[in-house]
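Next up is a structure, given as structure tokens.
Labels run A, B, C and D following the written order; every chain starts at residue 1.
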Amino acid sequence: MELVLVNLIDGLVTGLLLFMLSAGLTLIFSMMGVLNFAHASFYMLGAYFAYQISVYMGFWMGLLIAPPLVGVLGALVERYGLRKVHQYGHVPELIFTFGLALLIEEVVQFVWGRDTMPYDIPEILRFTAFSISGYAIPAYKIFMIFTSVAIFVVLLWVLTRTRVGMIIQAALSHPQTVEALGHNVPLVFMGVFGVGTALAGVAGVIAGPVLSTFPGMAVVLGSIVFVTIVIGGLGSLWGALVASLLIGWLTTFAKAYNIRAADILTSLGLTPPANVEESIWRDIWTVTSPQIADILPYILMVLILVFRPHGLFGKRDA
Amino acid sequence: MSEIARIPGRNAGLTPGMVLPWALAALFLAVMPLIFASNSAITIMNQMAITIIFALAYNMLLGQGGMLSFGHAIFMGMGGFMSVHIMNWVERYELPLPLPLLPVFGGLSGLALAIVVGSFSTRKAGTVFAMISLGVGELVAASSVIIVAFFGGEEGVSGDRTYGLPFFGIEFLRQIEVYYLTAAWLLISALLMYLWSRTPLGRMANAVRDNPERAEFVGYSARWVRFHSFCASGFFAGIAGGLFAINYEIVTEENLNLAQSGAILLITFLGGAGFFFGPIIGAVLFTLLQTVLSLHTDIWQLYLGALFVMTVMYFPGGLAGVLMMHVVPARLGRLHMLVMPYLRTLLPAAIGIAGLAGVLEIIFHRRNMATGDEEMTLFWITFDSTSPWPLAIALGVAAIGIWIARRTAPALREAWEAANRIDLPPSSEGRP
Amino acid sequence: MTAAPTTAPAALRIEGLRKSFGPTEIIRGVDLSIEAGERHAIIGPNGAGKSTLFNLVTGRYAPSAGSVFLNGQEISGLPPFRINRMGLSRSFQITNIFPRMTVFENVRCSLLWARGYRYSFWHMVGRSRELTEATEEILAQINLTARRDLPAGVLSYAEQRALEIGITMAGGASVIMLDEPTAGMSHSETDHIVELIRRVTEGRTLVMVEHDMGVVFGLADRISVLVYGEIIATGSPEEVRANPKVQEAYLGTTLEAG
Amino acid sequence: MRRTTRIGLGAALALSISAAAAFADTIKIAFIDPLSGPFAATGEQGLAQYRFAAEELVNRKGGVLGGKMFEIVPFDNKISPKESLIQLQVAIDQGIRFIAQGNSSGVANALTDAINKHNRRNPDNRVLFLNYSAVDPALTNDKCNFWHFRFDANADIKMDALTDIIQQDESIKKVYIIGQDYSFGKAVAAAAVRFLNEKRPDIEIVGNELHPIGKVKDFTPYARKIVASGADAVITGNWGSDMLNLGRAILDNGFTGPIYTYYAAADGITAAFGEAGDGSLKLVGEGQLNPPVSARADAYVTAFKKKYPNKDIGQPRIANVIEMLARAIEKAGSDTDIVAIAKALEGMEHDALFGGKVYMRPQDHQAIQDVHVLAHTNDGITHDFDNSGYGLKVEKTVRMAGMDSPTTCRMKRP
């Protein structure tokens, strides 16, 4: 029972981290109709920037400076790259962000090399916050939870209490009317792209020390973020939240418990082949849930798209 | 190569202008190995041919059908895996299947998988299609290391092409024999894909790409049109997979992973998705970059990434688009007006870009060199990379080159407009 | 599919048609019957639901309630391509063509299904002389022969409108529905397009939404007036003009234009 | 299609330039490993070690056969089997007869298969495959061939040695096995189960599981299970970021026992583990850097670090590859008679630069050598990795590990 609680906390951390990425991605998609393929690359940039800053000024300055830096970079990409491609339509936009993801990965390798960076948890957070019957919960996890929740409170406040937030909300629910609002739409676009990428940057800063800062970190997380917002429903912030937590818990629990395919298949009334080791189905029969935990979201996504093309909470498709 | 002669033969209304390119292509493919006889050149040409087929198949989706797929490699991979399995069965059970027919089975396997995936993925184009393709691609690639019985795990599945029945005395022991087999398939597949684009379905694929809703109001289900294109694309991708299996005699997880899917998108877009021959240019260029440029620099992928992003931003038509832009000035007989402005802008731009590349190379060398290996050679000049001068000179060359190019760019634009200015014929003046 | 039966069932019959978007009901019970060969115009103030009615009939939206019959067969709830195959074709208020294809291809694609090509990949479209000639003929009718090899997206607005009509009537549908064919056109362009419509809909059933009363009264045999999702009057131009409810709805101004 | 012509001509030009290799009187060794992409760092490390070994161990001593020098020619295979086969063809065309490769058993499988076919189809143009790092046991068992020589201990031999050492450690009662879900991870797990059951049937295997390779973001749930299982030791075959992340998650969640593994050093991993790994991380491998076995070895590493300050001798066996090849060429008296060279390598006994003997077992071409358990530590480290102060120190040694290990290889000799 205690293990369930511990896994709930672990899954929450993963889920919130995913949400920090998928929230920015959803904002950008809702406003601009662009699925930013390079979103996880900005997450990676956040981690690398923060590492570089932490070398000179420590972790906390990294947390403070790196996200705005990523945001500014994102805004520049929107202003000088995406806006140019916008005229050609959505498919070239998607291809542009795909190319951008490749380019950022190469640039990161050029600047920082291919090795894993020694970016680490700050000294002050290197202790066990509390234990649940022997399972240690590191303080850094609690810090991650609080940071992400704090950011969402701020985001929620901006969205519901400020003028800009109203415009964005309007854009979320009525995408076609944004143009008619009479606001400086290009500026709003640039701002939203900047904020979205800055959110990804924050995620990178706080995830870098625990999930390793290396050139492949964007690829590892990248496609899972798309999966999240597709499952949640494109353009739905609530959907993104629900899907993020769902995926966080799903993968955590699948890893934590050994569910065997053989058990499921036999419970479905199938009999295992006489000699499992030799059968051509051996790989299916011997699969266990930890083995496929991180593939489960993809299976979930395909199922959702087949049976509910708009996702869990989505109202529209692109 | 008798095939090309046969198919156009049925077409009574064919003009020499339509047959000539294909005849030339056949001739070209036939003489290439006489000019480049080394085994490595032939290996690279085989690789190009396979990539061309795959890229053309991919462009049936991207260029012709407006479907952006991030997971198309699974169809080529499936074709490859099935082909190599069949190769092994032929050997084990002594089946009477001559090797040259193997790609057909590769194609059919690709088709079968495409029917399954397409049944749910072609419902929508655009972002939803792209996301499904990504998800399915990830899924298949991930299961390829889990389902070892079929995919062979990390080491893949290998076979031996020479154990099959000799085909008219050819045993496919030598690279050159494999080359002609691949070239023949290239010609057949390219021709079939070209003809496909001329069929009602091929035309409607264009229409659905342009405006799926309107297509529905002229009687076609956009989904079914997409589904058919998708299946055909899967078939030809499978043929490419079959040829891959014959060439390398091994198929591994890399044939269906996301990197491969991404590469084919890059190839097709670089070459130009808007024109039938675009992917051909892309495939040839990419293979060369990959095999030749990578011999000269370690950061070739950085250049490739930059080239790709620049292409998307400034030349969304790809290289083929750039070439075709010159058709109008050429028809007007005004290409000569562009020569000098081009020289004035592109030459300094090229020098500037070379300078930039020089800067990157020097920095890269400085950081990765061994002590005592300060010397490096760049553009046939050998120098000490730790001295500040080469870096300063490269920076200077880059700055000056790009500055001149920017200064002369307006003149180029003007010349371009002058060369393209057509006075539209008035409405009444019809064409014959 | 080229000729509608001369007797009995109405070319288009609408019964109790309703459509709601969320809580708001846009079409609130429409009944209408249009005879074969008739030229019928639907008019009404902005926001009356004319385009929605069109979209319901042609399968773009599914109705909330009610039925639509084409030549006696029920078509409500069918997808657009099925309705089209049964002999109904429409144009759009906002130009809706295939912008990257040539003008020639635009028209030829609209002919394919009706000429029996279906999802065929064993025919070469370029080889069918019959298809090419039919396409050329339509191009001549809509006066776009000179533009045949240009991408449709670069045509002028009026030319695109003409192409839109060409695409709509190319398949030889018995019922043609035009959504504001003259919207945004100059006087001379309007005259031109009216002439075109008259010519190409000869012998077919025409249903059109139109704002320009000159066009409406010049073309239509009968007129229906749609106000707030209901048809308040149907009849000949004279009857409609005289109807007090119609005058009230239009505040007695616009109709004078006729 | 016509466009192919123009581009094709460009291709021709490029090909002829690249194929114009310098024709000096050297013995060329093709180094086919990743030199770009995510695994480039590992490839670059290997390349530096090869270049240094050729220079230091052969060329400085006057070469072989009375003055022929070794030259290492790098080929970038981008860790792709397909690219490797293309580069192999290019290398053969350049007249290269010796192919060195190590990263990825998938690539090694493709290469050994292709080389076997090439040698059969082109008997007058044969090549030799020097596998310095790919440890898939199949390469010297079912898939063995006469042209393939493995200089590293294979995964089974390493596990054999490791379990010998676990056997002596009475404090280990429960073992947890975890690995990447692919052939190597599975081979490690299977070998661990087999040897532990043989040698210490009393040890309980409290967990044996696989996770997707390169896809796991967060290893915490796995780490929780490991801690919860009460394991005294963990065995894993993970490498790269999967190794680093798994190791850190295990250690972060309060595990204090040993983590036995194969690849958790250099390429930034040693630095990233740093203090956290001290006392827990144990590697199985050959070659002794700390403490240095001899003044000669010490000087060799020092000279290497002087030339390549940012690289490490992560694969000490590369020195064996170069020295043994040089001896075989001398013995065969020819650098082109591949059969004679291969026969000279078979059964060769060699005093390794980094300690102990190497014996190239003739029945399967598997090098038999001392295998050590190496501790990740900063105590008593003469030659660290990643310039981090941390390095690998020999804790225990199994002499000539796997000398009589069985093999299913049926070598076909020409």
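Following the convention adopted for this analysis, contacts are C-beta pairs under 8 Å (C-beta built on N, C-alpha and C of every residue); 3 or more make two chains touch, one makes a residue touch a chain.
Just so it is clear, the model here is predicted, and its values are computed rather than measured.
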Chain whose averaged C-alpha position falls nearest the assembly-wide average: B
Far-end chain from chain A, centres as C-alpha averages: C
Distance between the centres, which are taken as Cα means, of chain C and chain B, whole angstrom: 43
Centre-to-centre distance between chain D and chain C (centres being mean Cα positions), rounded to whole Å: 73
Mean-CA-position distance for chain D and chain A (Å): 36
Centre-of-Cα separation between chain B and chain A, whole angstrom: 32
Multi-chain contact residues (two or more partners), chain B: 142, 146, 148, 299, 301
Overlap residues in chain A, where contacts from two or more other chains coincide: 109, 113, 291-292, 295
Contacting chain pairs - touch in the sense defined above: A-B, A-D, B-C, B-D
Contact footprint of chain B on chain D as seen in their complex: 1-5, 7-8, 10-12, 14-15, 18-19, 35-37, 40, 44, 48, 51, 75-76, 78, 80-83, 85-87, 89-90, 92-94, 104-106, 109-110, 113-114, 117, 121, 136, 138, 181-184, 186, 212-213, 215, 306-311
Chain B-touching residues of chain A, taken from the complex the two chains share: 35, 81, 84-85, 88, 90-92, 94-96, 98-100, 102-103, 105-107, 109-110, 113, 223, 226-227, 230, 234, 280-284, 287, 291-292, 295, 298-299, 301-302, 305-306, 309, 317-318
Touching residues (chain side chain B, partner chain D) in the complex: 21-22, 24-25, 28, 32, 35-36, 38-41, 43-44, 47-48, 142, 145-146, 148, 153-156, 158, 160, 162, 173-175, 190, 244, 248-250, 252-255, 277, 280-281, 284-285, 288, 290-292, 294-296, 298-301, 320, 323, 368, 370-373
Chain C residues touching chain B - in the complex, by the definition given at the top: 58, 60, 79-81, 84-85, 89-90, 92, 96-101, 105, 108-110, 112-114, 117-127, 143, 145-149, 167, 170-171
Interfacial residue positions of chain D with respect to chain A in the complex: 38-41, 181, 209-212, 214-218, 220-222, 224-225, 227-228, 241, 244-245, 248, 252-254, 267-269, 271-272, 274, 386, 388
